[in-house]
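In the part that follows, the structures are each spelled out as structure tokens.
Paired with subunit B in one complex and with subunit C in the other, subunit A is shared by the two complexes that follow.
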Partner chain A sequence: MMLQSEAVKQKPMRSPSSWSILWREIVRDKLALISLIFLVITMAFVYGISLILNQSEIVKVDLFAIHEPPSENFLLGTDYGGRDVFGQLIIGTRNSISIGILVTLISGIVGIIMGVVSGYFGGTVDNILMRILDFFMILPTLMIVIVFVSVVPNYGVMSFSFIMSAFLWMGIARLIRSKALQEKELDYVQASKTLGSSHLKIIFTQVLPNISSLIIVTMTLNLAANIGLESGLSFLGFGFPESTPSLGTLVSYARNPQTLEYRWWIWLPASLLILILMLSINNVGQALKRATDAKQRRG
Partner chain B sequence: MSNKKFRWLFFALVTAFVMILAACNESTSQTEEEPETETESGETETNETEETAEETEEEPEDTEQADGLYSIDNFSNVKGEDATPIEGGELTFGLVSDTAFDGILNFNFYDGDPDAQVLEWFDEGMLTWDENYVYTNDGAATYTMSEDNKTATITIRDNVNWHDGEPVKAEDLLFAHEVIADPEYDGVRFDGTLRNVEGIEEYHNGEADTISGIEIVDEKTLKITYKEATPSLITGGIWTYPLAKHIFGEMNVADIPSSPEVRQNPIGFGPFKVESIVPGESVVYTKNEDYWRGEPKLDKVTLKVVNPNVVVESLKNGEVDLVSSFPVDQFPDNAEMANVTWLGVTDRAYTYIGFKLGKWDEENSVNVYDPESKMANVNLRKAMAHALDNNTVGERFYHGLRWAGTTLIPPSHPEYHDSENPGLAYDPELAKQLLDEAGYVDTNGDNFREDPEGNELVINFASMSGGEIAEPLVQYYIQAWGQIGLNVQMLDGRLHEFNSFYDRVEADDEAIDIYQAAWSVGIDVDPGGLWGEQTFYNMTRWTNEENTRLIEEGLSEAAFDLETRIKTYKDWQQLMVEEVPAFPTVYRAILVPVNNRVQNYAIGDGTGIYRHQLAVSAEAAETAE
Partner chain C sequence: MWTFTIRRILIMLPQILLLSIVIYLLAKMMPGDALTGLIDPNIGPEAIEAQREKLGLNNPWYVQYWDWITNVFQGNLGQSFQHKLPVTELVSQRLINTFWLSVMTLILTYAIAIPLGLISGRHNDTWTDRMITGYTYIGFAAPIFIFALLMLFVFGFHFGWFPTSGSVEPGAVPGTFDYFISKINHMLLPALSMALITTVSTVQYLRSEIIDTKQKDFVLLARSKGVSESRIYRNHIFRNSLLPVAAFFGYEITGLIGGSIFIENIFSYPGIGQLFLNSVMQRDTSVVTALVLLFGIASILGTLLSDIILSIVDPRIRMK
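For the complex of A and B:
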């Protein structure tokens, strides 16, 4: 008996893992917790429902149901093509969130690799990579995106995400590089080098995990911005065709003064949803950010 | 080509509003009409004709029917004198456009409709026309045609003077011809109409010092002889815009469009004079007391550019009294606007769907029909026309302000439009039957028909973006075709911007099988400007002998007889219904709101109301509560 309880006691007290710190911070911050729950529910709902919704049925033009106000048949009314706004909202939210996540992931991965490689190796490698980065920074992004968007033969969620990502990896790359520059001077990296670890191993199994909290925080905050990306472009008239609904296409119907003034049900739900989604993600992101800094933690 | 089209800034638009090249004030449909998009065209014509003293029709009280539909029949195109006008007064005219006007303010040089709107306040053509677009003798000049219909004698009235007091002379009109035919002239007016003047080609090529076909009889009279006598001559075939020789005579032709006399202090002989111009934004006019029809009633007119997004608000708060055009899609929500009267007229335009059936032969400037093209089967084309329910489209999308088209001559030309020809009306069962007969059947069970050889049939449909209803309309058409088993896809999966759309359609892009476009018909009904064998704008590239024969016949000397010409065009309309290189989808109405205080205003042709009669019944514009 004694031995057993001894064994339990002897189990070393590990310092809390970075995951548990993040989690604890979110739980302590009521706003962030509510935001997170809202996000999870929304996403589950949207992705779940859209599995059973028939997109081609929803975007089908119905001449006899144009501009119907909300009713039992159409929970949120219909738009100027007689299409159900509620269905479009579900599919639109799914598309917009997918874009946000895809863009964040793609640009994040590219940015992290560029940043870590350039920070870790330094010298000429750093120089070359940073000049490439500078080149991308000075491009008039919006114009180029618009051009790409109008020439791609197959305009959909995937192609849009790739186009956007091509111009959005620079910020994160800079951030990661500066962190990697600090990190590589630390003793554990030097020790690992002395022991003969390969660069790849050091970068991916040692440096990266050590800057993972920074990565998580940046990516989360980026996600909020990226959901809005597509909406902005749609509003300018370069969004998806109406057969691919998104939050942006719904909001852009409000460019018509008549819709704006008389038919709130078309654009208001989507606008509110964008606002709430972005706020929620931001709340979670802020909580995560605090978690990475011991001085600011609440938990 | 590109200078003929207007670029539009799509960024800020709500209603993408397309300017058409409005060159056609006084030309045949031959050349200068530019197709418009699915939006409201901004083209209006002040048409000065019979001085039938103000016959004003009563505006019907209730324009709306119980089912929420409107009909163009319930709109008058004239707002007469329903209240006592005050002495003098000022008025604001809204030029509805989302871009600035170019500011080439001379009829001999301007290029776009917005400029024409500015021009029409202070300048005019010498001949006016009636509601059938035939020249009358009520304008600043009178004319007679010779026996052989080749020579027009034009006599300018004695009291017609330029704004600077100089009389308008015969040599000014000759000078206009000389400038336009000058090799250095870079405008768009040197076209089929003017090339018909005898000796003008030689002058243009530098082989002659004078235009042999134009003869000055005396200071106010000249004779113009044409190479060919066609009925088009008296429906827009005479160039009637003089150019003030005492001002422009010494200039290089190439410098005229950029001269201050065109840009800053333009000159004309119309009812108002230009007082000041803010380039691209506004123009202030004062009355021309010396106007030949009599002193205008208004003291001052201000023209300003109004964005289509804010036109409703501007009208409501009385900021503008009149507008050049009004976006039809905003009408139903504003039909009850208290402070305006709505005028309406049938637009000289139609929207159509064309089938790509050949190629443009650049070398010989001729359309070459390709019987092997994808859409070459006439039953397939007919079936596609029968599949569309355009009446419902007009009722649902446009609240009745557009309605199903039947033939390729719109009802805006009542003499020639064959109202008895039903066209290819909505009949999906007939459509399916036609496809079955032609051998288009579904062989692989994917619910879409394959072509007679059993290959998959995918039809690529090009259409323009812009215009409120563009996208659902295209979606609806694709659905309707889907229902008769045709697999139609949007070209590249999206709508195309105005300029790139026309670039691709005109260049016979291989990927395009069918396209939707709009065309505004010239004042002369001659369809050769869009459907002729040698017409570049015949973007279907379809042509056959019968078509060419009928178009030529419509312009021949025999066609001076109205009955013959009507018969010819009836045959032509029937031919186009049988061969279906294209079919009209909808005809359209133009609606223009006019503030209640405005008196004596009319839109459309042949109304006999002129701008010098325009008056107001109150100092300030009425506002909506």
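For the complex of A and C:
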């Protein structure tokens, strides 16, 4: 009797929400926590400072200050146009992160829609969409993006992010599809169908929330990859125009051997920043990835 | 196995066809056409128009596409207006350099991946394993162009151990031993930079494969029979773990293609990646189309190769 009443008194344990699992995993993983704090601080700093900085002032050519080494006036020296490298670094980081997020969102949305539709409906729809996906998969992405960038008339930041997104949605689509294939066989979807819910309602209010943690993980890892790809393209000269510096633009000055050898202040900070940014985002992403798989959790 | 291979090849053909159409349309979007570079400024517009008509440049796009693709099948990829050379000749000159660079990279990739994967899989969760895993972590996140730049800066310029550009010493005579050594010397740093990054996924894969295999029953059996530890690793675990790794060989080729564009640009290595970037900048349309087609087909073949090896290694895949 005693035991029974105690059991009644005890509240039933609620299973932790997916957000709290994600959070707990990050806190448990010291490296991921440090990375997250670093990312938040960097982003706050970069977006905050760039509100004060004047972009057109920074990219203005000053012929009296070409290739100045770091000094009090120029914290990180100047480039071949006499432009302040530190200011460009701030603006470049902001532009790189912004475009990374934008591309991740666009390609993510396309990928999620393709994946969910394909996995949820299956059959012919799935077949057709997957053949399209297969075709995109075999394209030499980097080359096609470079060719596209060079042929698009009135090229700008928006068209650049659309071109990139057009060739980056396949990975997430594939992942979401396989998850949606499993999910639609589960009882709750069948029950919902029996009750007469529309497909749209089932997809948006039931299937998608259940795979949201997977989406978050993939998007985080994609963000790192996209920042890398954008800076790579800018490095090759097929990314941002020089008037909108990105981290890759600063690194691209190192294609001049003189700059690479003797003027480290132009390209080295940007390179290291890209490296650390990608590592941090990856660390956070890997921790989140572990959180979605109960077997690998540390927390 | 044969039916799978044949089916897989049949799927590939429409992919190549579609790829060629996409590339052709992209090339059409590029400003200028096959005639642009050949025009003599002294010729009047009527003569140019007549020449355009003669070359078939006024036909609808599918007719032009047909003309182009039939030429491609006969090995005629057009004329590079920048280099004043047939594209086939130009590409094959550069292709040799890229081919050897890729071979070198692949050799280094596996030369690094196999020992590291073996060590970290065998002694997992030790100090050494953590170092190796840490390296794969960084290598996984690092973009190849930044890594290559740092390598060039440190080993090429700072220490001066390696040449920093080109594919061979300017004065070297082809055929001599010095020429060969100089070639290798020029390839070493670019290949190593690329290999240190591409090897990462193979290391990770081999490591988890070995950790998986060493808990299997046949390993336990071998141990209980008293087989020495080194023999178990050499003959039982390593062999069984290597097959799935070998299957990724084809995907590795696909990965090299993207990397070579960055690497050749950074090390000014006269290969296909560099030719591609220069041709895009100079709007040398016929070279660009040929190269994208070449790389596209190479990556399709790479995937095909991996799929076939995988189907031999893992019979379940054939059923799909």
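Heads up, the rule we're going with is that the second predicted complex is superposed on the first by the 283 of 299 C-alpha atoms of A that agree within 3 Å, B and C clash if a C-alpha of one lies under 4 Å from a C-alpha of the other, contacts with A are read in each partner's own complex, and residues count from 1 in each chain.
The criterion applied here is as follows: contacts are C-beta pairs under 8 Å (C-beta built on N, C-alpha and C of every residue); 3 or more make two chains touch, one makes a residue touch a chain.
Computed from a prediction, not measured in an experiment: that's the story for all the values here.
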Open item on the list: By the touch definition at the top of the document, which applies to A:191: first (subunit B), second (subunit C), both, or neither?
Closed with: neither
TODO: Using the superposition on chain A described above, determine whether A:154 touches subunit B (first), subunit C (second), both, or neither.
DONE: first
Task: Partner chain in contact with A:44 - subunit B first, subunit C second, else both or neither - done: neither
Open item on the list: Going by the contact rule set out at the top, does A:125 touch subunit B (first), subunit C (second), both, or neither?
Closed with: neither
Task: Greater residue coverage of subunit A in the superposed arrangement, subunit B or subunit C - done: C
TODO: Identify the partner contact of A:34: answer first if only subunit B is touched, second if only subunit C is, both if each is, neither if none is.
DONE: neither
Open item on the list: Which partner chains sit in contact with A:135 here, subunit B, subunit C, both or neither? Use first/second/both/neither.
Closed with: second
- [ ] Look at A:243 in the shared chain and tell me whether it touches subunit B only, subunit C only, both, or neither; answer first, second, both or neither.
- [x] first
Open item on the list: According to the stated criteria, A:257 is in contact with first (subunit B), second (subunit C), both, or neither; which is it?
Closed with: both
- [ ] Once the two structures are superposed, pull the subunit A residues common to the subunit B and subunit C interfaces.
- [x] 150, 236-237, 255, 257, 261
TODO: Using the touch rule from the top, collect the residues of subunit A that touch subunit C in their complex.
DONE: 134-135, 138-144, 146-148, 150-151, 224, 228-229, 231-232, 235-238, 251, 254-255, 257, 260-261, 264, 267, 271, 274-275, 278-279, 282
Task: Parts of subunit C lying in touch with subunit A, wherever the complex brings them together - done: 15, 18-19, 22, 26, 29-31, 137-138, 140-146, 149-150, 152-153, 157, 164-165, 257-258, 261-262, 265-266, 276-277, 280-281, 283, 288, 291-292, 295-296, 299-300, 303
Task: For the subunit A and subunit B complex, residues of the former touching the latter - done: 59-61, 63-64, 66, 79-83, 150, 153-155, 236-237, 241-243, 255-258, 261-262
Open item on the list: Going by the contact rule set out above, which residues of subunit B touch subunit A in the complex?
Closed with: 10-11, 13-15, 309-310, 312, 329-330, 333, 389, 392-393, 396-397, 465, 468-469, 471-472, 475-476, 479, 490, 492-495, 497
